[in-house]
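Naming follows writing order (A, B, C and D), and every chain is counted from residue 1.
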């Protein structure tokens, strides 16, 4: 279903989600061209979680993501070129090349820190929420993490403490394990947990839970609204699980772009997609689902969408050019920023 | 209720439980006399958990306890004098003075290792159970730990892995937090968990649970039998929670012996106990409850119990004498036993 | 063991009171709590398990809402402290016994110290992790750790190792003033140690060593409780006519290298006394620095007086066999005085 | 970076084959699995994320029931490995990237190494923890750790740091033969390095350094991938007429102190190259040992070539700025040759 938002917002949602998709597709091509920028993770197939979720927040609210952070940074308005530059290790990057893909952050946009350690971000985000509580502010913090984080004891501890202290945090768990190919396909094994329902873990320590289909932008947005308003009104934490299938290109240990970019015509004719992606484009891709909803509700016309897509393609090319043209930081800058007030 | 055991075993149960009680009471007096043997924890008030639980095991089964380990060591037949000597740091100690109270162990009695790190023993015990599974043996392993361990992520991780791999382990959680006085009384704060029921945490990751009144020796024994037989028959782990009130003398950070030793006459007239212990002796002390059951079922007569108690008192005095008379280890032995095959 | 009740001479004046280390620490915390309504404490076994632990109750009573007792969940509550600091609070996270920092390691060594750097200098993380390290008597293998050397191997953490009431009082606020993640290391045997604390004094700057005792013959560099042990050694050595210079770096990160090098340049003899284990310990780093930067000053080889590479045994006789006591420090100093000089090679 | 495909000369003979490091490691594991039905592996990213990772599939296919893929729950599965070892199995626990050992620290530093000691020598814990350390290219601050120095500060752990296919093949079975808990440290940049491996050779005893290159002028002590970097440095230095002796301790615990001291006695000049961070790192300990035991042999001050005390930045130019590369090692060696001798003071 479509999120309950004004038309302009619905269009902006699409704008953001399509930007993420095109930007990530381009990143995968960039990685294939080389030079390597290390191990990285893309947000393709999860746009309908993060972007609608961000729309339930105020700009002053905080978001703490993981290694799969590109969607959140772009969603919160990070410059696509500066994010790309960061991933290439350039001086013009969001973090002057110190972070790379795994750690890119934008404190000024309310994304203070990204942890690439599974489970690492969960207590930190909850602690930021504790600070808001101590300060008496009504700021809400969102911890974003994958299903894998539910295997780490640190996450369990954070859920328990957040529940005890009733901190204003939303635990947004992006469960992308449906149909994961697992280790057999050369990727990480799929979620390894004996829990039948990840929410059971949160409920065991008294954290109320919500679960949504992560390909349903409207469902994500409304569940997120519920969780955020509970937090904002001193009702404490919520565990919100959004479930999606893993995008086939994300399954291997190193992302791939099987069958090239998503084409807009898959909206109407997913059969046109390459064999191995046909099912995914017809049933599993939240972005295509959203496009179908936008079109069928007349929020935008086909031409509008094509125009938007062309504009975004151009924007992404600008970003790549900006990043490619940017110089590397001076080697000596490696020694800066360790401590405040000292180099 | 009385455990379903032969009369001789019921008597042996009492023998063991009373030994633990008298031995611990004596230890507290020893600590008061000095010199200090460091921070320590006693098993008073939990005898009706550990001793009946051990009676559900075979000698080849393994037990891994925590900082509150004295009851298990004595229960499995460790020499009371050698355990006392260990706690005083003597050469004749179970571990030549290297372990002390916090780490005393008896690999030869199936207690390979004690961890004084909250949550530390849980994955280790489950791993020992995994080894039995890999070896194709029907050995069962018991992880013993307090309610506090349920706050540690390590315990959560171990529960999940044990559930996934169906290892033959019993997670015996001794929840002694009922009516704990907490930090206000100068002790550890009482169990700090948002879980309404500790079993919820185990069930969240698919570990079946049992809960018993820890002052009910018969209930503990039969629940333990159920858990052990599930493990023995490849049914995987069980989480068994035994609930007791904390013995008032264990509440402070350093154990105390308020009102002196338990007297046998409290069996019949708990009002005779000092004020602050009256309620505990009448309602909460599993050992007194067991004594009452033994007597009312005619398993033993009053005289038999008194004789047994006198014998145990003498045994404990022997233990103290043995420990006191034992020499300290030679200082140079500090350097031994770091590595196998090397000093 | 050192006589804990004995006052350390340190320029007492009319402006000073004599406090125990525990009292000075509690005062420092109480002042921080009072000055800053956005100062938060997570965990409250700051004074350890000893008889002085009750001193902290006053602070707890005054600020019941800003002292949180967390579950036994160190990686969780350490992370809470980091997150709260990222969102503007000043946070003191008490891990109680140093050994429990291992539970919190993923947060303490792989989040707090990296966050500012990874952000490109945009994010401050004013969190201070506090614990009691070392041989406490009966802590045995699992409760006697001195993890400050490991943490020194982690870039991005300030490390503070006070040895006196005045130092603990002045260094705690200084740690928070920097806004950097910090490890604040106490020792339970320091708690009863008494000494003068100035009424007016404010912060002690990080990275400035204190010459606890000036001397001519041998430099002893010591930290934390080992300073007290070294002090006791100095006194017996003085009677033998050996004049020791006792250098207390007070902070490992930043380290006052110059104070150490200057002292070695003067004496030509160096003993390093410290309670971290020998290999890759605090003494190793100090020895390495001197061997790189002041080799020419050394008349005789360096001696490290540390805890050997052995887990800590329970038995008091075994524990003290491994303890870098005053008498072992004194022996090392004596050996420095009698050894053949390298220059004579 | 070193040319990984280049073979290291190491007495090749008719009895040897040339293998990559990854192949040699897989062979070692396969043989252990085959020899001992009670050998268990927990975790299976042993070869890292690089292109050679598929080599491990054969072992996995042959022993599907003895290679367990655990959840992302390092302290949990490390503890499982310890417990299984206490109950008689030989267990290889793979933590994949070294940085994840922090998650497992409570088990790795406070259970495994203490268990035997605390039992009074009654309990064996034959568990080997394996991980890939160091600068892997783009690992950035959270995935580039080299925790072997911290672990060297933990008594009770053997630490093995191979640098060649022959060494990894011979040292892994040796670690298990001792029955002691062990840290087995690999480096992803070593994986493609090729070299001769003897067909008949068995174990390489722990605690025996390998002189990877005999020389006269300067001693370079290096471990793990830094040995490869040092090797490359030696070659360019040879052309300049500087004859380096390259000492590879191969195991940190036990350490072959004598080999290091003998080499320094011969050359009088010492450079230590290592990828652990500078302060309290592997190089600190080696420098400290030499400054205690062989001060008189040193003609010039020691130089450590290490990773500075800075978190690892992502950008390749910044990462390589911190890398102890062959050219930095060569520069340090050159400096050793041109410095004024201390003896001349």
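One rule holds for everything that comes next: contacts are C-beta pairs under 8 Å (C-beta built on N, C-alpha and C of every residue); 3 or more make two chains touch, one makes a residue touch a chain.
Everything numeric here is computed off the predicted structure, so don't read it as measured data.
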- Most remote chain w.r.t. Chain C, using mean C-alpha positions, is A
- Decide which interface, B-D or B-C, involves more C-beta pairs in contact, and give its chain pair. B-D
- Computed distance of Cα centres, chain C from chain B, in Å: 37
- Task: Please work out the Cα centroid separation of chain A and chain B, and write it as a whole number of Å.
- Result: 48
- Message: Taking the mean of the CA coordinates per chain, how far is chain B from chain D in Å?
- Response: 42
- Query: Between chain C and chain D, what is the gap in Å from one C-alpha centre to the other?
  - Reply: 31
- Query: Out of chain D, which residues touch more than one other chain, so two or more?
  - Reply: 70-71, 73, 75-76, 99, 103, 106, 110, 114, 117-118, 140-142, 155-156, 308-311, 313
- Item | Touching two or more other chains - residues of chain B | 93, 96-99, 103, 115, 117, 119-120, 151-154, 156-157, 160, 164, 192-193, 338
- Message: Taking the touch rule as given, give the residues of chain B at its contact with chain D in the complex, in rising order.
- Response: 62, 64, 93-99, 103, 105, 107-108, 112-115, 117, 119-120, 122-132, 134-135, 141, 153-154, 156-158, 160-161, 164-165, 336-342
- Message: Using the touch definition from the top, list the residues of chain A that touch chain B in their complex.
- Response: 151-157, 160, 163-164, 192-196, 200-201, 203-207
- Task: Using the touch rule from the top, collect the residues of chain B that touch chain C in their complex.
- Result: 35-39, 86, 89-90, 93, 96-103, 115-120, 148-149, 151-154, 183, 186, 189, 192-193, 253-254, 328-329, 331-335, 338
- Spell out the residues on chain C that touch chain D in their complex, using ranges where they run on. 99, 102-103, 105-106, 109-110, 113-114, 117-118, 140-142, 145, 149-150, 152-156, 252-253, 276-277, 279-285, 287-288, 290-293, 295-296, 298, 300-304, 308-311, 313, 342-343, 345
- Query: What part of chain C is in contact with chain B in the complex they form?
  - Reply: 44, 49, 53-54, 69-73, 75-76, 99-100, 103, 136-143, 308-311, 313-322
